[in-house]
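Have a look at these structures, which come just after this line.
What follows is subunit A paired twice: with subunit B in the first complex and subunit C in the second.
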Partner chain A sequence: MSTPFEKDIATDGPLFSVGERVRVDDRRSLGHCRTPFYLRGKEGEVIAIEGPFRDPEKLAYHKPGLPAAYLYRVRFKQDEMWHGYDGSARDRLEADLFEPWLQKASESDIKGGA
Partner chain B sequence: MADPHSHDHSHGHDHDHAPITDPDRPVTEYEVLEQALRELLIEKGMITALDVNQQIDATDSRNPVFGAKIVAKAWADPAFKEKLKADPRATLRELDIEIGHVAELRVVENTADVHHVVVCTLCSCYPRMILGVPPAWYKSTAYRSRVVSEPRSVLSEFGLELSNDTEIRVLDSTADLRFLVIPERPDGTDTMSEDDLAGLVTRDTMIGTARASAS
Partner chain C sequence: MPERITNIRKGTPGNAVHDVGGLDFGPVDREEHDLSLYEKRVDALLMLLAGPKNSAFRVDALRRTVEDYAEQEYDGTPYYDRWIRAIRNLLLEQEIVTEAELDAKIASVCDRLEAEGQIVSRKPVP
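Entry: the complex of A and B
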């Protein structure tokens, strides 16, 4: 996988690894943020670590966006996301989410594999 | 001074002094803001009118034909396709295509088993560096809200029926990645040239709302 165009902004991390189950924080946000509401509280699997990117929640207010935040591609099962999902059990949705919005899915949250 | 835009324009030269605006509707607040900001930046010497014009020109010169050539090359040359998927920025640089520093590009491939369709639910993120300006429907609330929760119905409204044997993967470009879909190469195109193949690759096939067709 290619690295982001800015390689020198890495901070600690990444905290999560590919294949790991994560849960999107179900918290409120004020102002600009790149975490859609429909994903908050949902669980998915990390499928790629895209590297550090400047934090959009700071960039939006003309700050340098540092420290940078790790960006992950996370894959969700559609039939777990939408009540009465009308499609295949194989259908997935992927989104790009920043590390500060993710937490490790707790053992009790995990209901079978991805 | 009188309003410079209110005078009669039939005074001997072939251009209009007023910015070109859509005459069918009033100017919006954001358009006024854009104009004020642009004029201020030019007045302060931070950018020139030429910079603005060149950037608009550069943006407009990117259109789906651009992406179609890349897809056709990927269809014709499997080694290129693998390189493109692994490192789009470096691979496209070899073709003198610069991804730029707005976002990273990711390339996914549609097959009989997996069908990707791209959306930006938060705004209108789109691989402009490859496909140019997004179509109006891509920015509509209806597409953005519905394709994530009922992709099969939405694709069916685009005329694309997919069986439940095909996994649908909705890609929500929520952050710094933009997605280019390589559609499945249609059957019966083995002898076609790269140029002819490019003619089969429409904008919608690269968003994932259509399949490429040989006819």
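Entry: the complex of A and C
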């Protein structure tokens, strides 16, 4: 029973690029999931493409985790995340998120000056 | 176990006992301790089972199993105890050991430790 690790996983290229604004899906997970609740529906900026990885939502149930999913590092503004945030307006939070949980932020989503 | 506002998670969608980011659990306990032999052994066991050589399960399955705990059990179980219980559950789930084999082994270890004069708990572990 051998499961190959992060080698030879073919994928199409990443859907998002560095600098792009993305919105985290505000949906419920049906099982194992690595996307925290506090980020759902929030908007951030892709700051790195970590690469394709086997999908943890499938690996958790002993499946091969394919097709692989791109993992991105996304940066969020802390004061857009929490009600009554009293830290610096420059505070940021970075999270690693898989592509199936991200959408392109639509124009109407993008707040002025964000 | 620190006092916690546990009912807050009942309002969160889904079954996510671990997903507590942003909820009010008070200050983070930053106290560190040296790992005990037991904790190192649990860690080693996980590495051996989840590593590419054995591939009994992936670490993702360990997380899923730990996160399946009920709220009270999750909060009341120390970190490495959660791991070893999840490892046990996954070994059963993957049919690598049977419950009968596990019970027999635990009983024989308890017998040996008692013969050495140690106090042993035979309470079943959830």
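Observations on the model:
Going forward, the second predicted complex is superposed on the first by the 104 of 114 C-alpha atoms of A that agree within 3 Å, B and C clash if a C-alpha of one lies under 4 Å from a C-alpha of the other, contacts with A are read in each partner's own complex, and residues count from 1 in each chain.
Keep in mind that, in the parts below, contacts are C-beta pairs under 8 Å (C-beta built on N, C-alpha and C of every residue); 3 or more make two chains touch, one makes a residue touch a chain.
Just so it is clear, the model here is predicted, and its values are computed rather than measured.
In the superposition on chain A, A:Y38 makes contact with both subunit B and subunit C. A count of residues in subunit A touched by subunit B and by subunit C gives the higher number to B.
Of the two partner chains placed by the overlay, subunit B and subunit C both lie in contact with A:P56. In the superposed pair of complexes, A:F98 makes contact with subunit B only, with no contact to subunit C. Look at A:R90: by the touch rule set out above, it reaches subunit B but stays clear of subunit C.
Of the two partner chains, subunit C is the only one that A:S29 touches; subunit B does not reach it. In the superposed model, A:W82 lies in contact with both subunit B and subunit C.
Touch criterion met: A:R73 reaches subunit B, while subunit C stays clear of it.
Within subunit A, the residues touched by subunit B in the first complex and by subunit C in the second are 1-2, 4-5, 36, 38, 56, 81-82. Taken in their complex, subunit B has these residues touching subunit A: 86-90, 99, 101, 104, 121-122, 148-153, 164-177.
Residues of subunit C that touch subunit A in their complex: 12-14, 16, 19, 21-22, 52, 55-58, 60-61, 63-64, 67, 94. Of all residues in subunit A, only 1-2, 4-5, 34-36, 38, 50, 53, 56, 71, 73, 75, 78, 81-82, 85-88, 90-98 touch subunit B in the complex they form. Partner subunit C is touched in their complex by these residues of subunit A: 1-5, 28-29, 31-33, 36-38, 56, 59-62, 65, 81-82.
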